[in-house]
């Protein structure tokens, strides 16, 4: 069953060009990355999925509910974690989450019990009795997640959920959210610009561009790029590079920086990585890493924006690798 | 022996809790009465209240004082009894009390109410509300109830108890009769409270919904309250249309106008001409109420426009 | 992004890290500040409100119950300008235009862009002050003129001409004080409001030389010095009331004003030049303190 | 005064009231892009504010191109800053704002305007330069901040969380621009708490934690210095059984695990291991499909450093 089903949705604000034009898309179970450049219409889509949009053209169903008529029921069953820093004035974490639970219709005692539970679950511990204003960025992020979970929604909308967190916190929260999807059957829409993280967490992605849908793709469809390796090495590079060129091994990208000792190379898939080791041995280059590269979400995303849908056997596109430098471009 | 499910658990309780209006109201009310300014000003009102109660007890129960009061409050050549004495005394006391306490009420609404919507804007809590199943109007109602409830403590309850005390301190068996004959005093107390709470609430809602900064809200509210009082004072000294318009611009003065009018009618003005002139200069309670309701509607609409926003991302 | 649009490299002379001469960069900051201060919507709104307030003050001159106004509108206007207008309304112009100059840069956090430019902090501080003074003077003048215009009296040219000077002195003196307050307190506007309506009022209410502590004393001194002759000559009723035999008052003599003032237990005002010099010295001191604070202060400019 | 752009901090400590911002930090930055990495509250912003003269260090000295930056505006001719604050004048067109800010660098009006337009065009805001930044998206404001930092062509660039709020396309373009600036020989300092971002722009890293510098160098250099954590190398090969006995006696090699895809080797002397495997693979003794030091990347380095 599609969690979100949108048919021909068009929404314009005033006389400005429409924020969404004739968007048709389906979002399925599991974790879905919602991607798109700034101004692609993501925020309008968020409003629609949250049952906030009163008038638009087309049809939209969220959790099987009509996004125009059942707006309040949708909001009861969807949780939202905004991108911006948000908290409640002059309240402790526990009171704020309890209050927001009450706004969802939960009776006081249930809301309080539930607030304790979700705040503990997101790892706020003793801090729940402290004023939210005293929270660090990471704690506020957890608080925002807790408030989105308090009413046990079926669908969670997370807008840049890891913004402002340090690497350890990102890792923790990412796992926690992934677990919500895996073990507790929550459907999650994850809107973010940080594609490596989306790639880690999402099952599929939905791409918007300039108010239009560019389709929904399952991440499993992205195949490894045969014969493409990422290599790292110590030693002189010009000779080595010449040798690679001579063997028809193309250097697709070099890691920026002065010595350029981390490259992405492509060679005949039949041969495996053996020629690289051979040439390295001949030129006194010490290989530190030789690793097949799979296509990153970033590459795929760039290609979708460029207008080509990803294919299972995708061609290597030079211009879309993210370690490009001026000389290679 | 059992190992139960750890980590996240689904919620199995109901969603049939109280209306969100009550939750929003409760939250706002608690935040408002917890502010230091409310506590300090509340104690001030309490002190004032105790003083007035003691004075009233003395004026109505100590015989020498009562007889002296008779000569002060009675007009010549009119039949005068204890019930009329009480009425006149109470009307004057109410005017004195509210003349001061209405200003304190304005201060309370200004200090404790500045953040009522502004805080939600500043902390961006508003989007957190809006993505929940509440209607914009429920948010407006919840917020609009807060200040009237706070003001009921300082503006309504003292007047009601004064009225009751005056009735209770009547000679045996005449309490109900006095209370029945003086329902207009009760009406004045309620009128005064309604004008104050409508006007103050409307102003604070309006300002608070316009800017996320409490400081700005307080500064503008202070300017409106005290500037309005100055203008109304100035207006009452002018003549013609300017006078009629300007004398109603103060929310504080309007709120006590019912008491002022009641007191003036007791014994201050000995002849009809003077009374006529007074009516011209003092704000009219009816128009005061109209102004207060208009301000409340404007304020509520400003909040409604905020609550109708669907912006939940940047 | 178009990397090929890179700006061509500068000639190396520009990479000198010598400190710029004092007040280098004053002009652009001043121009920018003026542009912000003269933002049409805000400026016109404030000007309209100022004219309206002035008109209210002017119209209130017809108040029938004031014993003097009934008989002597000249005297009433003379006093009215002093009491309400110079004391409370004129400072509001300085408050609205001068105070926010620098503190808005801090609260909007746009100061950060100035701190990483080769412009000294004192230049930015002073230029933003200067850019606020002109609009304050303009609006102040409009306000006072509106009082004169609506008073219904044929006010002599000397008084009309005195108004800009008084408004300028007020904007300079009170503006610099507010500006300094804003560099000390986080809520500069509130501090300035409290100062104007509480502390000044206390000074004014006091008797004797305590009054000279109030800033508006100097402004009012200038006002008195410039217009006393004109008003004294016309305030016939008061003159007659005080001195029916005409012993004290001879037309055009200064002590007419003094006598009227003594009657109302006013302090003696300082002379025009003294008032102006004192005001300039005071504002220089306020600004110097502000500069000193700004130069050694940390500006973390947190969100 | 030095000709090459440089930043040097010597024993710098900075606290706000009693809250520690920086704790005895000594570090130098020369030409090229350097990344400043650390969790929230590690002192990154404080450090950048000390460098740009917004804060005066309580102890120690900060030098930018040989001059103290605090209240020493001359040195700012060579400095450009993308601040963390999301601040712009709400009532003025972005072109006018940047023209004004460039004028403060000492250019005349026409030249400032030309430079402002040029740089707005350069960061991709050419089509909106007559609009106020108040209506900009976060990514656009980020670009506008870069335009004002570049307009006077400074050779010391301080970028505080520059990639925040940008979409993937913008991120990529912005990162390429930063790298290009570093390659031109400018001293570029980029702070971030997102590892991918730093990896995208900078090779040299300075890791900050609790106000202290924990490490500096490239990710690999730092990794090599962390000798208490042996490097885990995943050797993907069909010849695991043959390879294991050949490398087990190598100096530094600790445990070897057999995995379905090959061997997982832990070693404190990875270079010896790489040389050995490289030689064997080159000679064709074993077929190595892939060689992957799994905890040499930035994430692992950061994890070990802050443990």
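By written order: A, B, C and D. Residues from 1 in each chain.
Here, a residue touches a chain if its C-beta (ideal position, glycine included) is under 8 Å from a C-beta of that chain, and two chains touch if they have at least 3 such contacts.
None of these values were measured; they are calculated from a predicted model.
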item: Interchain contact steps from chain A to chain C (minimum; 1 if touching); value: 2
item: Most widely separated chain from chain B, with each centre as the mean of CA atoms; value: D
item: A-D or B-C - the one linked by more C-beta pairs in contact; value: A-D
item: Centroid spacing, where centroids are CA-atom means, of chain B and chain D in whole angstrom; value: 59
item: Where chain B and chain C are represented by their mean Cα positions, the distance between them in whole Å; value: 38
item: Centre-of-Cα separation between chain D and chain A, whole angstrom; value: 23
item: Inter-centroid spacing, chain B versus chain A (mean Cα positions, whole Å); value: 52
item: Set of chain C residues in contact with two or more other chains; value: 3
item: Chain A: positions in contact with at least two other chains; value: 326
item: Sequence positions of chain B contacting 2 or more other chains; value: 314
item: In the complex, chain A residues that touch chain B; value: 42-43, 46-47, 50, 52-54, 72-73, 75-76, 78, 80, 82-91, 99-100, 102-108, 110-111, 113-114, 117-118, 121, 147, 149, 151-152, 159, 179-180, 183-184
item: Parts of chain B lying in touch with chain A, wherever the complex brings them together; value: 7-11, 13-18, 20, 23-24, 27, 31, 34, 115, 119-120, 122-125, 127-135, 310-314
item: Residues of chain C that touch chain D when the two form their complex; value: 1-3, 5-10, 14-20, 24-25, 28-29, 31-32, 35-36, 39, 108-110, 112-121, 295-296, 298-303
item: Touching residues on chain C, where the partner in the complex is chain B; value: 56, 59-60, 62-65, 187, 189-190, 193
item: Chain A residues touching chain D - in the complex, by the definition given at the top; value: 35-40, 136-138, 163-170, 193-196, 229, 234, 255-258, 272-274, 277-278, 280-282, 286-292, 298, 301-302, 305, 322, 324-326
